[in-house]
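Presented sequentially are two complexes of chain A, the first with chain B as partner and the second with chain C.
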Partner chain A sequence: MSVATDRRTDLKYRVGLNLRAVVGRSYPRIVGANREPSWIFFEAFLPLLGIAAYVFIYQFFGLQATAAILGNPGNPPMCGDHVCASVAEQNQYLAAVNANTNALIASVVLGGTMVAFWLNVLWSMASQLYWEKEIGNLQLYMMAPMNRMALLGGMAVGGMVMTSMRAVSTLVAGIFVFGVIFQVANPLLLLAVFFATLIALYGLGMMFASLYLLWGREAWNLSALMEEPIFFSSGFYFPLGGLFRIPGWGPAVAIAGSFIPASIGLDALRQLTLGSTAFGGSLWIFNVTTELEILVGMAVLFLILARYCLAYLETLAKREGKLTSRHQ
Partner chain B sequence: MSYAVETRDLTRVFSGKKKRWWRRKPTPDEEESLGPVTALDGVSLQIREGELFGLLGPNGAGKTTLIKILATLLLPTSGQALVAGHDVTKDPFPIRQRINMVSGGETSGYGLLTARENIWMFSQFYGVPSKVSKARIDELMHIFGLWDKRDAKVRMLSTGQRQKMNMIRGFVTGPDILFLDEPTLGLDVNAARVIREYVMNWVRGQAGKTVLLTSHYMAEADQMCDRIAIIDKGRILACDTPANLKRMIRTETTFQLEVDTIRDTTSFMSLQGVKNFSHKDDISKNRSHLTFILEDEGPVAEILSSITSQGAKVHSLQKSEPTLEDVFISMVGRGLD
Partner chain C sequence: MSTYWRTFKTAAWLGWEMDSNWTEPWLFVLYSVIKPVAGAFILVLMYIVFVAIGRPQGDPDAFSYMYVGNSFFIFVASVLFGTFQVIQSDREWYQTIRYVYISPISYYVYILGRAASKIAVSVFAVAITLVFGVMFLGVRLHLALTDVPLFLVSTALGLSVLLAIGICLGGISFLTAKHTHGLAEGIPGLFYVFCGVLFPLSVLPNWGQAVGRAIPLTYWFDITRRLLTEGSTVNTTLGGYDAPTILLFLVVSSVGFFGLSVLIYKIGEYFARKAGKIDMTTSY
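And now, the complex of A and B:
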């Protein structure tokens, strides 16, 4: 070929190419999605209503317990299963109820922030390549020299940034509207757990995206199928350790849910923001350090699996003509 | 001789829909349509560097399949395809650095981004530095007459504007080989002219640039292409310059007739001396346009008699110099429409 066709292939060029690709692919998510003012309603306000339902239920339980402790003319003040022996004991029980109510509501608020990321992983990561094929982008992506992981990486980075806005709005509303109190003793560890959770979660999304590449509308159905059950089995609105205490099916569901990084991540985040003694320290799965190690392991595993799945399924899709079926 | 594109006995078979127990049993007709389809059947082509090469064929002839294989989006079933000297199956990376593709009627990109942002985004997948990319985009937007729409969201663009944006996307990455799959499909005359002129200047104005163009418009291919291959049912029927292709049927005679709409056209092919013919109905005017490729002028009387015997009136009869469309009809046995 002529001089005009000489192209660089060195490592520096490839790193630059793939970094540009990540930035390019994340751009529409970061900039484009926030161009529509309606996102505030759909991404910030509506999800708040979802968590508000749980908050009100937990607040009601708290009020019921408080009323029992305070007692009334017909009923003596109860401290657990016995009548309060002294005002000091009564105050101790009232403090415990307040702390547990705050911990439950905080768990819901933290779960609400994680729901945003989980929905983003399901709908904007996992099934995204299917939609890209439908609108004709996929073939243009696959024809470009960038690494396919840069494409997925761009989708993930864009998704994380975009979803962080919803997550932050949920968190702020939790603090100011629902009066949740967080006690962060180790902010660095909190950040480490948060980012390890996100990387593991989006790594899982990247792996799903690869698997969904060959599927058509089934991808949409699978995402729909995984949405609500994961809310439950991963403990998005309650401490997951509570499931382990349900005899029979509880532990099985909790273990299944724990394969989603959000479960372990949420457990660690709750311990770091509420204190490991919250809920009497009996509703946590592992200690924070162990959970961080599991999250890092999951992140590495899912990213590696995503890389190999995508390479294999891309070849398969090229063989079966499924990368470009829309225009065939 | 260095080839920008070379294929050797390239074959692509699409396997049919797999039988599943939950699908109802197909009827015999459905069974046939669900079976394997040979989209390319032993295609051997050489496209020289610096050439504007055309690929003409009816729908389903295999044009898009060939382009998708060359663009590393589809694997061949057998045979070999080399682009810029690299095998599309074994070594796609250096090919992807050098190519780009634009298809007619493409709806790629994101509606919430502006035209400029969309093109920039795609340029990033080729590692074009932002500054260079933005300068190229601005220059190309001026050339394609899209500058006024640079900050318009993609979803607000008309079909023509969108296609111009796609063309800019194709050029902005500085490819050496560009695949254009019916790039002027559905465009108005002006938009199509701008695109045609730019593509011709792009290939001829600089060394080492190659275009593989598929088109439904014969005149477009005739005007633009250095060489043309005619493809039908996955096979290359002829490959030469437009002038040489037309010369191939110069010994034959082409007649064009405009008649009242006729129903029975099957009898024409059985007339002695008729090599091929095509017909196109103009329902609004209640007319049929017939093109006959004849060995000589002998069968004209019989053709006229066949038409009038159906009660149709002949409005015009014209003997014409062979066009690319005549070549196509002569080889494929029907027109593109």
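And now, the complex of A and C:
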């Protein structure tokens, strides 16, 4: 056996090779973004405006509710569905509206950070192999000696780093522009939930990457289809428990949306940053520990499924010889 | 003129084929409906959650205001995207821009043609969203027969402004990297915030209200709402202007934005040609 062949089967060499592949694939995303200053404006600043719109909606509702509680010459002050019995009751309702409005705005800000990661998963993970095929890079990846999971891992790491700028700017804007106050009692648990959510999300993206390649052009449109419907069913801009308030179809939509790790992750992150008593404690799905366990389970499951999908794709591609056929 | 018309027709046909021929017609119709309806449902749920924890008696006027604004915002998102993404998809994805660009047609008209199919699909989506709101969500809509011409004229003007803004962005994207998604999210986001789409301008600080009044789409949304949801109690801050005045603002700004779009497009094209960026690709 030659020295070169001996080295290729060596575990240390293979681990090193795959780690270099991870670094190599994440490098263009991180460095590419840094070399294109306009990226900061387009990918970090502009999307903040969309988040701001949702914040202003809650502020609008809050102002309308406050006006109703304060009353005016034509209308008496309303506390819920009845006229306020005393100034104390009126103040109590005003405080509740303020607290709930602030908690909802904080929910939007957290949802906005997760939107950044979800869009990155859809457009820079799930669609990426299909995109690489379209521009002619895929055959190069397939011929290279590293494990294809390392390639997907590199895309994920690069995507997370690239997207974190947008996520951080959303959080900073939430705190300094919209005056959101987060109360973090357990930062370690918060970090654990956050990273478990990211790993599960990007695991899902890795799985989709192979499937999208099989589905061809439909996949591109599928990504577009998984924006607003997922924002809705996974509770990106409102606590997911709100869906359970709707009799009939509400719980079904919420359960379907929960298969996206961001929904459970957001619910846990909101509990950890707003306190489990926010919204009267009535809009949460599970407690944080249970949600962390679900997220870890999802992360493991999606990574395993991603590996199987990739293997299936490779077999199919070799059998049908369509791996490099573009625009299909 | 006949060359322009031929270019427009062919580009519109091409755009329609690219948008729709990836799947079966029924799936395409479903796809065209699900996205906007889901977008509307986000707002419905935001309203439901707020009512559940903040205002049990509800606020139908605020809900109708928000719902109608969001329905017509479908035009904004899809027409803008349909316009400025033409350059980036031809350049980055299909890599056909060099062939289309050197052909003896107006590329400006070609972009307008490609966007036409998006407008057609949007009309359908807006109608579905509004009908859904009226039938299942209790949205109060009323369009008097005498107001129909005004409604059609204002809609046409609003769409013209959107196309002009889209071309402006297209001109800029001649020079930028592959920012389709940032632009698709960000620019509509700008209008989402400042044009009184989901909440009245009175919610914004003074400087924000000034920005909103400088954008023609604010007047388009206002006149559309006046015609469709008469008698709303929401303070829009534009109550001092009557409908013809608002329409006049729209006409003037449509003309102004058309001129601006030609100017920005020409400047972007000039610098892109000078820097050799017409057919660049930026794959990260």
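Just so it is clear, the second predicted complex is superposed on the first by the 304 of 328 C-alpha atoms of A that agree within 3 Å, B and C clash if a C-alpha of one lies under 4 Å from a C-alpha of the other, contacts with A are read in each partner's own complex, and residues count from 1 in each chain.
We take it that contacts are C-beta pairs under 8 Å (C-beta built on N, C-alpha and C of every residue); 3 or more make two chains touch, one makes a residue touch a chain.
Because the structure is predicted, anything quoted here is derived from the model rather than measured.
Comparing chain B with chain C, more residues of chain A are touched by C. Once the two complexes are laid over each other on the shared chain, residue contacts for A:Ile135 go to chain B and to chain C alike.
In the superposed model, A:Tyr27 makes contact with chain B only, not with chain C.
Once chain A of one complex is fitted onto chain A of the other, the partner contacts of A:Gly62 are limited to chain C, with no touch recorded for chain B.
Of the two partner chains placed by the overlay, only chain C lies in contact with A:Phe279; chain B stays clear of it. By the touch criterion defined above, A:Phe259 lies against neither chain B nor chain C after alignment on the C-alpha atoms of chain A.
When the two structures are aligned on the shared chain, A:Glu320 is found in touch with chain B, with no touch to chain C.
Applying the stated contact rule after C-alpha superposition, one finds that A:Ala224 touches chain C and leaves chain B untouched.
Within the superposed three-chain model, A:Tyr308 lies out of touch with both chain B and chain C [touch as defined at top].
Chain A residues 28, 32-33, 36, 135, 137, 327 lie at the interface with chain B in one structure and with chain C in the other. The touching residues of chain A, when paired with chain B in their complex, are 1-5, 7, 9, 13, 16-17, 20-21, 23-25, 27-28, 31-33, 35-36, 135-137, 139-146, 151, 315, 318-321, 323-324, 327-328.
By the touch criterion stated above, chain C contacts chain A in their complex at residues 22-23, 31, 34-36, 38-39, 41-43, 45-50, 52-57, 59, 62, 66, 93-95, 176-177, 179, 181-183, 185-190, 192-193, 197-200, 203-204, 281-284. Contacts from chain A toward chain C in the complex involve residues 28-29, 32-33, 36, 38-39, 41-43, 45-54, 56-65, 68, 78, 80-81, 96-97, 100-101, 104, 119, 123, 131, 134-135, 137, 162, 217-218, 220-221, 224-225, 227-229, 231-233, 235-239, 242-243, 245-246, 279-280, 282-283, 327.
Interface residues of chain B, counted against chain A in their complex, comprise 2, 4, 14-15, 49, 64-65, 68, 71-75, 84-85, 93-94, 96-101, 103, 106-110, 112-113, 117, 120-130, 153, 169, 176, 206-209.
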